[in-house]
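Could you have a look at this structure, given as structure tokens, before my questions?
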């Protein structure tokens, strides 16, 4: 059995939004007890990843480190805008989907890790999709 | 005894201009046999360095590596001018804007593959630098 | 007198305003993307220049440039830029200042002179024109071809004014987007809003046409028209006076709300001078313009107000044309010149005067035809 | 009746203009400016804004090249100066940097020169308060040293103003243009852009130019203006068009303002390029008089010559105010020759005299009280409420 749900999300500049709550809710709605959960975004300048929960400073480090590795340069070949160019690169480097194991109605990473939705190109309206498969 | 001269040039974007000949000419014109020659430019987004002058593509490597170290990112704190200007300040500070060479037998002592290069870090501009030769 | 017996080129252009704006928008959007990111980031000062209506489009777009990009923008007369501007403003660092030159035909010799002077100093130049292989397009580094259909009727220039202003708005949006002064969210919203604002105004044009005819019948025998507008609205005011002259050759003056009280307040026979005031609640000088409108009421001139404010906010006995309030204030000049263009069109039709004095043979002499094109061109170093 | 028999306050002001300028020049030496605005303040003035209402705005346009770099763009023998902008008063008070925000790095280097003879209108005070609040320095050029404006500004330059009874003001224009010019030289010499000798040479050159308007010249100008005004009145000219470029645009703007103040005449002003695009199409070309100022050493002289040819092909009444030979211009243009100035920036101080004479004579014929404050319907606007107590808003 497969259950998918789409979520709209409005993001801020360099925002890291915790979306674990939505994922758990989808798992409950799906009624599936065991299987896998995949969270994916199709927005090319956003990213989804799992990281330590409950420490905003760690998130700040992640944002700053990402900017150090991929600076928003003005001499990218693509001509949209520096933030947009860096956003594409960060998206492909840091991944835009996460899959998690669902065991007995509970995600393995619950309580220890959270899933974050990272926005790389300024405040905008974005979206992501949660799919629960199993029985 | 001392002799000074101003040399001006118009640079290209990320240009590396070989100015060794002009420097040697100034030393020759000064007539000083033994002494030191100070090269200095008063810009904050340009640099003067010594490197091999043989292969021009080596100069492109220099500018590209410098670009990796100091990327042309737009969010520098110094955003009064342009990002190229902000990065240019850092590159210029790292490369230095002055050199001192030893003058021996009427010529500035440079290795067989050493050349004095004027590096431009902020777009095509009219630039100038000064060469002063001082006898012992 | 019946409204349907009278028609004029200005009215026909006003009816197709929305259609032309959409055509120009689709043409210019890809071209604006050609402006490279690095050169946009090199811009520290912007000059907009042109002759006649093109210069007015520059003044009208100034609020847009300043609020969207935050860069110091100057709308300068063509002769001022090419002959009098001090060269300390030009070429003090690569790709700056950005000089945007507007000429519908691309052949005005003064604007070509500006392009030559700007490129001599290494300044970045953009040409906005409808003629891609004109001398101006060749002189400038980048070209924005507004792409109005060749068979259209564009004299007197209402559509061309809208086309140049829209192209300027889109350049400002592109610069704002690249320099991150506006977020992607706001960027998409502004683009969407630009088009629905024009469709909203097109709906009101039917009602405006009705009232414009009523005013035209009253104002056709007046001695002159006097226009008042501040900053961005000064362009709308000046444009209205230019249309009066082009459409039926009447006498006009124009001024901003402060100097009007010092100078044009004293014009003789005020009851025979029609005053046109352009103002919006969102502008900082709205309070001041209200005071000038009261002074107009005192000296008893017929007065027409174009604003996004309602009728009640202005003294009674004033003809108030309420244009829809845009989400972004800088869009107002794009449509607020339409009401008076209709009045000018109707007056010209009622008086039966052809535009640009086509019936007068002195205006078709070769001296008249060459007065704009091949004058002596000097580039000031 | 000959032109000498006409007198009015306006004509009187024009006739003793040379004498008045010399009285102004005596008090406004460089030491005088040093006392008003100390050198270290002037040295800190990186961006200069000049603003004022009506005539004062004309003075701002006229004197902008003095502060700015006038030498490389015009043959005037000056050296690069400070970036300067002439602003309409409402634009500086409400719109300057309102949308784009003030640049935090240059706040203390902004210097505003606000010109207002009486110092009482609301807008100049608004501009002064605004620049003070944004960390800039405000310098008041006013003839009323203890007026409202002087109170609002950090520094005051008290302008000397020979008094005449209420009339369209020409002496106020002389004194504001002269004071701004001297202030420009004072600033350039403090900032070492001009040596003190050069500044003095510019000042003496200016006074020499003023003296070139001697008795004979003034009489000739008055006679030519009188004949022109008479002919135009007989032809029923009731609308006037003024054309000038760069600093001469200030003269064109000032001339059009005088016509409105003197007899309520309908006027527009433009530059030589845009005239061909817009005002060229005015229909009733027999009842409109056109003035164009075309000085030989102006960089736009070539364009002005072309525009004059087009003007003469279309209009009957064209008057050219120039320092070049009459033979250069078409026959049907009336050429009024003004003395030649050594530098272009000097012209705006004196070249408006023919226009003022025309305004004066037509004002006498039409028998109108200047400014019409006491006439119907203007008198209902109690004590010029429209600008003296207009509401002040600081942005």
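Think of it as A, B, C and D in the order they're written, each chain with its own count starting at 1.
Here is the rule we go by: contacts are C-beta pairs under 8 Å (C-beta built on N, C-alpha and C of every residue); 3 or more make two chains touch, one makes a residue touch a chain.
Just so we're clear, the structure is a prediction, and the values are computed from it rather than from any experiment.
**Student:** Count the C-beta pairs in contact for C-D and for A-C, then report the pair with the higher count.
**Tutor:** Answer by contact count: C-D.
**Student:** Identify the chain whose mean C-alpha position lies nearest to the mean of all protein C-alpha atoms shown.
**Tutor:** Per-chain C-alpha centroids compared to the overall one single out C.
**Student:** Compare the CA centroid of subunit A with every other chain's and tell me the farthest one.
**Tutor:** D
**Student:** How many angstrom lie between the centres of subunit C and subunit D, each centre taken as the mean Cα position?
**Tutor:** So the centre of subunit C lies 27 Å away from the centre of subunit D.
**Student:** Counting in whole Å, what is the centre-to-centre distance of subunit B and subunit D, each centre being its mean C-alpha position?
**Tutor:** Result: the chain centres lie 50 Å from each other.
**Student:** Once you find the CA centre of subunit B and the CA centre of subunit C, what distance in Å lies between them?
**Tutor:** 49
**Student:** Subunit D: which residues touch two or more other chains?
**Tutor:** none
**Student:** Subunit C: which residues touch two or more other chains?
**Tutor:** 38, 41, 180
**Student:** Do you know which subunit B residues sit against two or more other chains?
**Tutor:** In subunit B, the residues touching two or more other chains are 72, 74, 83-84.
**Student:** Draw the chains as dots and join the ones that touch; what shape do you get: line, ring, star, complete or other?
**Tutor:** Shape of the chain contacts: other, as it matches none of the listed patterns.
**Student:** Kindly provide every pair of chains that touch.
**Tutor:** Pairs satisfying the touch definition: A-B, A-C, B-C, C-D.
**Student:** Applying the document's contact rule, which stretches of subunit A touch subunit C when the two form their complex?
**Tutor:** Against subunit C, subunit A makes touches at 10, 13, 74-76, 79-85, 121-125.
**Student:** Please give the residue numbers of subunit C that touch subunit A in the complex, ascending.
**Tutor:** Interface residues on subunit C, with respect to subunit A: 33-34, 36-38, 41, 177-178, 180, 183-185, 188.
**Student:** Which subunit C residues qualify as touching subunit B in the complex?
**Tutor:** Listed in rising order, the residues of subunit C that touch subunit B are 38, 41-44, 93-96, 122, 179-180.
**Student:** Using the touch definition from the top, list the residues of subunit B that touch subunit A in their complex.
**Tutor:** 67, 71-75, 83-84
**Student:** Which stretch or stretches of subunit D touch subunit C in the complex?
**Tutor:** So the residues of subunit D in touch with subunit C come to 53-54, 57, 65, 68-70, 72-74, 80, 83, 88-91, 94-95, 97-101, 123, 239, 245-246, 257, 260-261, 263-268, 271-274, 276-284, 288, 299-300, 302-303, 306-307, 309-310, 313-314, 368, 371-372, 377-378, 380-381, 385-387, 390-391, 393, 395.
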